[in-house]
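Both complexes below contain chain A, partnered by chain B and then by chain C.
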Partner chain A sequence: MFVLKLVLKNALRHKLRTFLTILGIAIAVMSFGFLRTIVTAWSYGVEASAANRMITRHSVSFIFPLPYAYRDQIARVPGVNLVSYANWFQGSYKDPADFKNFFPRMAVDPETYFEIYPEFVLPPEQLATFKRERNSCVVGQKIAREHGLKIGDVMTIEGDIYPGRWDFVIRGIYRGKDASADETQMFFHWNYLDERIKELQPTREGFIGWYVLRVQNPAEMSSVARAVDQMYLNSRAGTKTETEKEFQQGFVSMSSAIIRSLEVVSFIIIGIILLVLANTIVMASRERTKEFAVLKTIGFDSIHIIGLIGGESLLIAGIGGLIGLALTFPVAGAFAGMFPTFFPVFKVEVITVLLAATVAALAGVIAALFPTIRTLRTSIAEGLRAIG
Partner chain B sequence: MIEVKNVSKSYRRDAIEIPVLSNITISVPEGEFLALMGPSGSGKTTLLNLIAGIDRPNTGSVMVNGTDIATLNESDLARWRSHNVGFIFQFYNLLPVLTAFENVELPLLLTSLSKKERREHVEASLKLVGLEDRMRHYPKQLSGGQEQRVAIARAIVTDPTVLVADEPTGDLDRVSAQEVMTLLDRLNKEFKKTVVMVTHDPRAAEKAHKVMHLDKGELT
Partner chain C sequence: MTIPFAYTWRSLWARRLTTALTLGGIALVAFVFASVLMLARGLEQTMIETGSDDNAVVLRKSANSELVSQIERDAANIIKTSPEVAVLPDGKRFASTETYVIINLSKKGSNDMGNISVRGISPEALQLRPQVKLLTGRWFQYGTQEIVLGKNIARQFQNCDIGQEIRFGDASWKIVGYMDGQGTAFDSEIWGDVEQMMPAFGRPIFSSMIFRLVSPDAFEAAKLRIEQDPRTSFAEVKREREFYREQSKMMSDFIRVLGLVVTVIFSIGAMIGAMITMYAAVANRTVEIGTMRALGFNRFSVLSAFLIESILLSLIGGAVGLGMASLMSFVRISTTNFGTFSELAFGFTLAPSIVVTTLIFALIMGVAGGFLPAVRAARLDILAALRSA
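Coming up: the complex of A and B.
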């Protein structure tokens, strides 16, 4: 109780110094939490991958299409119980320079896509209408909210990969089954795309971007992958079949340099936290060398000294860490608001909170280590002679 | 009873061995008021530190009330000090963030006394030094003499048998120094405390029963 009281009084001895240290730690912890959130958001697709889904794409690159004719052949591979497909459409919606207008737009098989992706929840009547109308589309509720879209609105996209003006009628707004589902996508009929491209560029007819496979038993994934890829080994359009997780990881690895940089910066921030705090604690304990000597003279032992120095360090780190964590949420929220579609899911994870709290606590312990050892090693006689 | 036998002490500064005390033997009976005098660097404070158990001799033994304190380990020595010795420093060494009451209460926090008992002891000690009306004051709100009296109250609050004082009047004006010396004299005479005091001040030394002179680490 006494140690706690003295820790509090000591921490408030130089109010400005303590305040600035707490502020420094808070900003560092907030930056750490924020950067970790970006790193986590980047790999959300990997984490949200289903255990029973696989992707079949062109063996050379994702950008090369596969023949539509593969669909029925893949569906017959033992272990596969559902096949769907999609095409990356892209195009420009409204002002392409405005980042909030950038969101995934894909041509999909309306009959199977929402069945194979149960995490995209669409009311049955909306799904039925979507399936019925060839020029209809479905948008995620985040996109609908962001752009003020509602059922019946016409969405006009200026094509780039598939040239021309494309008008779609919104017939459904899906929501995510849980927080990890991406609500920033737009889907329309692959048939609609195929029909129009047949008129514009007949050589591109009958191609799809990738197949999505649902397998009966996740344990059969490797045999399914082998069987599918074996079928097209010597064809003009060879395939690469992999788990959805591996497929997503492929995307993430394209940005690995950026992610790695963010990770490095986040760890540099830990170093900054440590230096800021260590500086304060070293100064504080040096100033109190004589007081610690007096306490030891009176009979206080090492445990009390460790409690006093460590306690002050942990108190400052704790308060700074708590403020930093509290700030991480609004900052992350504001960032997500600025780029609503860039990261489909952008939220501060529990693991990020735990990591940031651990970092702050560890900084508190490590910062106290050197001054505590120094104080304990200083003899009473030497401490009493200290000036300052 | 304090018995210092054949004590030598030296310090090492880098590779150089600096002798401070050489083969000192003194005996301080219970209830004695001993003043140690001598020029700077003569080893007075080192001898005081050895008697108080805050330093250890290189050779020889220091027996205080039958305990050879040189043989105690650090935590036993800390416990021994808290029960047996009261310390008075030249610069008072009060904790600036604690009130006079809290400073005096410090040594009692290591005992099993209840809060109420601690308060009674602290109030009695502060009353003895004439500062019962300054209990809630912080050191910076007190004069030098008052700070030293708070330090004396802190030294006696656990009722130790030995009081060690290192230049207790060294930082005080004449009047305050006189008050402090009167107080130490009273503690010695009335409360039978053994007092070992290091001083440069001949007027302070006059209160002592016995004066010993040290020079270059030897008794003269």
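Coming up: the complex of A and C.
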């Protein structure tokens, strides 16, 4: 108890220094938390993927389309209970150089798409209108908010993969079932796309981008994948079927070098936390060399000295870490507000909080290590002789 | 009267451990700051050098990359006959009609999937891009299903030895050589015969077209002619260098913005570190400061002595950080470029402007961290300071 009191008194001895150190640690912990949040946001798709969905794409690369004719054949594969499909449309919406206009635009099967993706919630009457009207589209809540779109508005997109000017009437705005669902997409009728491309470039008629499969039993996934890919092994368009998780993982691993460098930078931040804290603790314990010698003289053990220095270090690191963590949330929120479409889902994960707390605590321990050893090794006589 | 520089230097040395810790903090921030700039720069350099001012690229309007662009054969033939297109000695037009797709290959070691650009070229393409040289093996034969790999592909992906075959499109393609694009984006591409690739991919249309201008000044005239001609008005003509610059913009902006935002935030941490050090320095030397003032140094001299100490600390830290960052020039990374959606290898490139920016950044950290403590030192009362021991 006495040691605790002394720790507190010691920490408050140089109020400005303690305050600055806490501030420094808070900022560093916050940037650490923010960076880790970016890393987790990058792979959100992997987390969000459902356990019962699989993706069938062209075996060479997903930029190559698959024949629409595969649909019924895949649906007959044992274990598959629903097949949907989608096609990447892209195109440019408003000014293509502005990043906020860059969000997924896909041609989908209106009948099945929202059934196979139950995490996209669309009111039943909106879904019914969407299914009925050929040139209609559905946008995510975030996109609607960002661009001020409402039901009945016309969205004009300049095609690139599919040339021409495309007008879509918004007939639905979907929201995510939970925070991990992507609310930044736009869907429209694949039939509409196919019809128009038939007139323009007849050779491209009847192709879709990829199939989405729902399987009865997740345990059958590998056998379903084998059965589907076996069917098209020797055809013009071979397929690659994988779980949705693996498919998403493929996208994440494309940017693995960037993710790795973000991770490296987050470790450098730990270094900075450590340096700031160590500096303060080293300074404090050097100033108190004489006091520690006095404490030893009147009978305090090594364990008390360890408690004094380590306690102060942990106290400062703890407070700084807590403030830093508390700051991480508004900063991440502000970032998500500024770039709503940059990462479909941007939130501070529990694992990030735990990691940041561990880092702060670890820094507290390591920073105290060196000064504690030095103080313990200093003999009483030497300590009493010390100046300044 | 100014306080001698030696005083500043010695007082830094007197508190070696604290000095080293503060310096380390500043050095780490400077290191990250410089590395981010070097990475963005390296990416731009790789892409810009890929293009040449003598060449022009034709794409479909509103197609931001070759991947989504389409040019019909008839239109390509019309463009080829424009008078601004240079003519080769044998009378052929100095132009290459190309097809561009991406395929997936697995990386060595990690099994991560990479998007590899595959480019079908016309025979004229090699002369249009003289920087691309054969490294080993031989060039592919036109009319056969053979391919040549950029050296980065050969180094980083599985099953890419000469003599092996890669399956894509409708065929198996035999690897017959490696090419060296001298640090350009072509190092990360696979090249083959366009007339073999188009049918194999089931695409009867070209993706893009590159031609040599009769002179770099002829660009405006060529652009006007092609974009005004009703038969080719779907197209857009760009200078090759400009085109590749655009292809790197999204990614380099991303690296810069994200990197700098994060660095600036955590530089505040390092600045606070410097401030703590300087406050401690002032507190420890109260008597010294009183003595100097008594000797006749005025407040301004004391202020500048402490400010110089902090600036010195930050500049050395900045230099150490730059030194560490310059070691990064030996590192090359390979990742998906957002602009082209394909794998691109690039390095960290140091430039004089980055050195200057980093040192200025370090200087700002030093001034910001050292100013308040220096003011406190300057405001100390002589008598109180002398008595404080």
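Keep in mind that, in the parts below, the second predicted complex is superposed on the first by the 387 of 388 C-alpha atoms of A that agree within 3 Å, B and C clash if a C-alpha of one lies under 4 Å from a C-alpha of the other, contacts with A are read in each partner's own complex, and residues count from 1 in each chain.
One rule holds in what follows: a residue touches a chain if its C-beta (ideal position, glycine included) is under 8 Å from a C-beta of that chain, and two chains touch if they have at least 3 such contacts.
Just so it is clear, the model here is predicted, and its values are computed rather than measured.
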Touch check for A:300: first (chain B), second (chain C), both, or neither? first
Touching A:380, do we find chain B (first), chain C (second), both, or neither? first
Now for A:203: first (chain B), second (chain C), both, or neither, which partner does it touch? second
Larger contact residue set on chain A - chain B or chain C: C
Which partner does A:16 reach: the first (chain B), the second (chain C), both, or neither? second
Is A:101 touching anything from chain B or chain C once the two structures are fitted on A? First, second, both or neither. neither
Would you sort A:180 into first (chain B), second (chain C), both or neither based on which partner it touches? neither
Quick one: classify A:283 as touching chain B (first), chain C (second), both or neither. second
Can you list the residues of chain A that touch chain B in one structure and chain C in the other? none
Where on chain C is chain A touching in the complex? 17-18, 21-22, 24-25, 28-29, 31-32, 39, 60, 62-64, 67-70, 101-104, 110, 112-115, 167-170, 201-202, 204, 234, 250, 255, 258-259, 262, 265-266, 268-270, 272-273, 275-277, 279-280, 283-284, 333-336, 341, 343
Chain A to chain B touching residues, read off their complex: 2, 6, 9-10, 12-13, 290-291, 294-302, 379-381, 384
Given the complex with chain C, which residues does chain A contribute to the contact? 14, 16-17, 20-21, 23-25, 27-28, 30-31, 34-35, 38, 60-61, 63-64, 90-92, 96, 99, 158-161, 163, 203, 236, 250, 253-258, 261, 265, 268-269, 271-273, 275-276, 278-280, 282-283, 388
Counting only contacts in the complex, chain B reaches chain A at residues 45-46, 49, 52, 54-55, 74-75, 78-79, 81-83, 87, 89, 93, 95-98, 106-107, 109-110, 154
